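Just dropping this structure here.
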Amino acid sequence: MPTRRTDLAMEAFENTDGGGIPGARVSRWESGGIEITEVVIAEAEASRMLGKPKGNYLTLESPLLRERDPDIRLAIAALLAEEIARMLPDPSPEAPNAPVLVVGLGNRAITPDSLGPAVVDRTLATRHMLGRIGPTQMRSVCAIAPGVLGITGIESLELVEAVSRAVGPRAILCVDSLAARDAMRIGSTIQLTDTGIQPGAGVGNHRRALTEESVGAPVVSVGMPTVVYAATLARDAFAWLARQNGEEDPPGEALADMERSLLRADIGEMIVTPREIDAIVQDASGIIASGINRALQPSLSDAEIAAMMN
Amino acid sequence: MPTRRTDLAMEAFENTDGGGIPGARVSRWESGGIEITEVVIAEAEASRMLGKPKGNYLTLESPLLRERDPDIRLAIAALLAEEIARMLPDPSPEAPNAPVLVVGLGNRAITPDSLGPAVVDRTLATRHMLGRIGPTQMRSVCAIAPGVLGITGIESLELVEAVSRAVGPRAILCVDSLAARDAMRIGSTIQLTDTGIQPGAGVGNHRRALTEESVGAPVVSVGMPTVVYAATLARDAFAWLARQNGEEDPPGEALADMERSLLRADIGEMIVTPREIDAIVQDASGIIASGINRALQPSLSDAEIAAMMN
Amino acid sequence: MPTRRTDLAMEAFENTDGGGIPGARVSRWESGGIEITEVVIAEAEASRMLGKPKGNYLTLESPLLRERDPDIRLAIAALLAEEIARMLPDPSPEAPNAPVLVVGLGNRAITPDSLGPAVVDRTLATRHMLGRIGPTQMRSVCAIAPGVLGITGIESLELVEAVSRAVGPRAILCVDSLAARDAMRIGSTIQLTDTGIQPGAGVGNHRRALTEESVGAPVVSVGMPTVVYAATLARDAFAWLARQNGEEDPPGEALADMERSLLRADIGEMIVTPREIDAIVQDASGIIASGINRALQPSLSDAEIAAMMN
Amino acid sequence: MPTRRTDLAMEAFENTDGGGIPGARVSRWESGGIEITEVVIAEAEASRMLGKPKGNYLTLESPLLRERDPDIRLAIAALLAEEIARMLPDPSPEAPNAPVLVVGLGNRAITPDSLGPAVVDRTLATRHMLGRIGPTQMRSVCAIAPGVLGITGIESLELVEAVSRAVGPRAILCVDSLAARDAMRIGSTIQLTDTGIQPGAGVGNHRRALTEESVGAPVVSVGMPTVVYAATLARDAFAWLARQNGEEDPPGEALADMERSLLRADIGEMIVTPREIDAIVQDASGIIASGINRALQPSLSDAEIAAMMN
């Protein structure tokens, strides 16, 4: 299981052959050309079997996203805005100005890991101007891209904790690049979860957790697959071939041999990604930022948000 | 005085016609082709008159610096390393691994404000690898460029305070782009102080202070002028002309008229800078980073530092 | 005259106190909030007196441009598209697919010199896809930013000549950063000319000419001031002061003294620019590219152009 | 064969099981820790069988290269300098100042395709200063990175031809990112050839050829693998598995099925690359540029080259 590495809960579920896992539930529906899958992992045993923490996972998926279809982009941004707003707690009367802290995880210098910083670049941060300029119904937002070159010696999530202590957020909204199992999901799928960030997740392989327990505020995450691990790809190709040969699955020792061989060749940790990944990340960052800006500023129009972005 | 804006204590002193200010002291000497000026501001009254906080200011100056003379570069880096080491407290037995936190102030996207981030890029950060890899006599250093984090909604110095609380530094070493009064000092002068950062200082005009009082650790600053404010230049040209006309100083109302005129034309906040400022900043960042790396790692050779930088 | 350096013909005219110069003509009118000035230099003597080559110069000016007023941006882009289309020759029946070669002069690494490359980034180039994809009524356009880091040892205009020989353009459309005399024109004025590029013009100070004579195709130029030379600013401040003192103009030897002093201090070649110049250039590049794309693709809608840009 | 895509002649040879191919010859030796392989393809039939043009191919290989071993870096740079010098023609008495045109192929915005532009950034270009400044024994060099010029509508090699006509080079030295078959060669192998660039070669998949026939000057190429194509990896994993099953090779229809499946999933054109590819490219560009600078300036010391680089 660990080498069939995926950050998408829907794919973890697929690994189990879709069958009934007690304590987990999958629903699928379609809306405006977008395929939506909801995975709810309710029990610890299901969490263990799927290798994913308990919580809710929502994926929005459309092959047209990767083709930059303008209608599907608008539809995804609108749906994302709705779902983010639903997952986030409302401002509380005691701390009406507690900001939402948007965190763009990942490293800008590594393209398939740069989705988070790219989204932060396009997020409307308002915390520094509240009460000074801008519409009065504006809500407090601050944004940080902790892994951007310029910090060294401090882990990204350690920095997020430090900033969180300083600004006392109402919620944290993380954006991260993900690894998928199926290469077709690169650039075509967005996942939204309320489970926080786990060690080892994301393309950047975070070493710490970032959860409500660790930071004292709900943590919602948005991600998009940008890579498949080479080991995953090889293993799947392998299994596929075995099935062609009439076997149910490749024999265990063959798989073990192959993995040793991949590791020896340093391929295991290599990533598989489309050549046009730069354009895919730029495009997706616009859609995700649009969804975030709408969700965080329910009283502002798109035009008002755009005007304040510069 | 405020429009004769300079971040160099030696220039603030020049404004007073060099005469004796009670509670302040200037010394000048020369070493290996480098002109060194030390300003000590000991009394509150002198601090008020000079518009600079109490403390020690050391400037290293050579016109050859701007011409990229290789010998003077090595000499400046060596002298800077010595003086930084002298200003920083030694590691204490109680917290032998408390890091020095290097802070590169400024905005990478604005060339004359990008010295700090450029130096951080070349600073050897070790905190994350202490005890794991590297020579055992390595000291703990972390580095942060808060204005290039893709951070918005959080002021740079607010972030530095948050990080400082998280890592408990033995000292903070800030690097910043400065404004000079005399354009000849752009790229040719490095100032080292133990006074912390004051509101309004630097090319980026920090809105908060960063001092031992605010962060609980000594704050040492290194800076180099990259700009002259247009208002400063115009005012000085003005005064110069008045002197040519045999007047001691331009009449007050003429100066006031000129400033109104400059502000109306939006010139007051404009910056004057050499066209080759990109190259000047790149070059200076290498020298300053070399001085910092040597000062912070007294047991490592230049070659060891270079080998660990990648 | 040479130190009152300006690339704007309208400012060269102002230097002459607006009076009648035989062989030159200035007209001014207003349209939709945009102030338009047309300078026609018809005679060699007028060209010599104004320090500008013979030809037509059109400036579009609005202080709202710098404030990023969305309405004025649209109005300027529309007017610019019209005027560029009027200056360019139509496709000829003999060479219906001869491209327009858009040339973004300047150096991307020097912000006030980066307008040209920024416009090229947003120009719709079609030459490589004609007949393969896209609407059939699409016209051939190619675009080049010759001074972008990546070329050394070859002058920008030498490269433009080489490319011009290779692609046989119907016309060349240059975009360049300009120097103004009046700082208020930075970011608020766009100049359009049919005179080609002259040695010494632009912020990058081209060493060669680029004219119909040198490349065999009409050369139209679009530019926006991004800097004032420090020497120009000082000289104007000087003259202004002299007038305050009731003198017609500062005495010649005082001016000469001042210039010697500025040169000694290396200030002469320094530039004066707003701190927000990065944002000004980004913003203006969007407006200018929009005007260019519309002018070069008269049969495509804005939406079609936008869809093909990615 | 075409899907077992490799730009390394030594790997094309491996595909043939190393056996004797008439008209081709492989030699291997070791020097200072570097494994050197020379492939000479002398006959058209061998060229067809190996899918590589006739000519000489030299690969320098060391696993230590990827680990950034400082000694091996120096050794590789020295060896590369020697071999480049040997492949290039000497300056001729008739055109003593004909430059070597260094061409950095590839796109800076796509990391695994950015080796060429990165090397050009570090190449000492001298053509514009010959006779004006610098040591008199300096040779003429110009450098161009055609894919980062902000050029659109003009193919890279079309631009190289245009520049070549303009500067009349003594030789062209291309640098490009390559695709390998074996992932272990990414970042550890440098190939030097005298065959020019072929259509379809390189990570950027050039559409034209660049050869002595097309440009009238010898074309020498230096490249380093930065990717393996996903289809190559899958196919090799496949063959490996077949061998595990005791088959000589996977059955043809199974391979065909797999390829159809990969193409359907858009995986065929995907690239496999290490996550640290940014650092690998930066590092290799320094080594290759050092080799080039030494080869092109045989009378300058390393220190003189470094001093002139800024």
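A, B, C and D are the chain letters, set down in written order, and residue numbers restart from 1 in every chain.
Assume a residue touches a chain if its C-beta (ideal position, glycine included) is under 8 Å from a C-beta of that chain, and two chains touch if they have at least 3 such contacts.
Keep in mind the model is a prediction, meaning the values are calculated, not measured.
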item	value
Same vs different contact residues, subunit C with subunit D, by half of numbers used	same
Centroid-based (C-alpha) most distant chain relative to subunit C	A
For subunit A paired with subunit C, centre-to-centre distance based on mean C-alpha positions, whole Å	44
Centroid distance [mean C-alpha coordinates] between subunit D and subunit C, Å	40
Computed distance of Cα centres, subunit C from subunit B, in Å	37
Multi-partner residues of subunit C (at least 2 other chains)	none
Subunit A residues within the subunit B interface of the complex	99, 104, 108, 117, 120-121, 123, 125-128, 140-146, 148-155, 158-159, 161-163, 165-167
Complex contact set, residues of subunit D against subunit A	109-111, 113, 182-184, 203, 230, 233-234, 237-238, 240-241, 244-245, 250, 254, 257-258, 261, 265-267, 269-275, 277-278
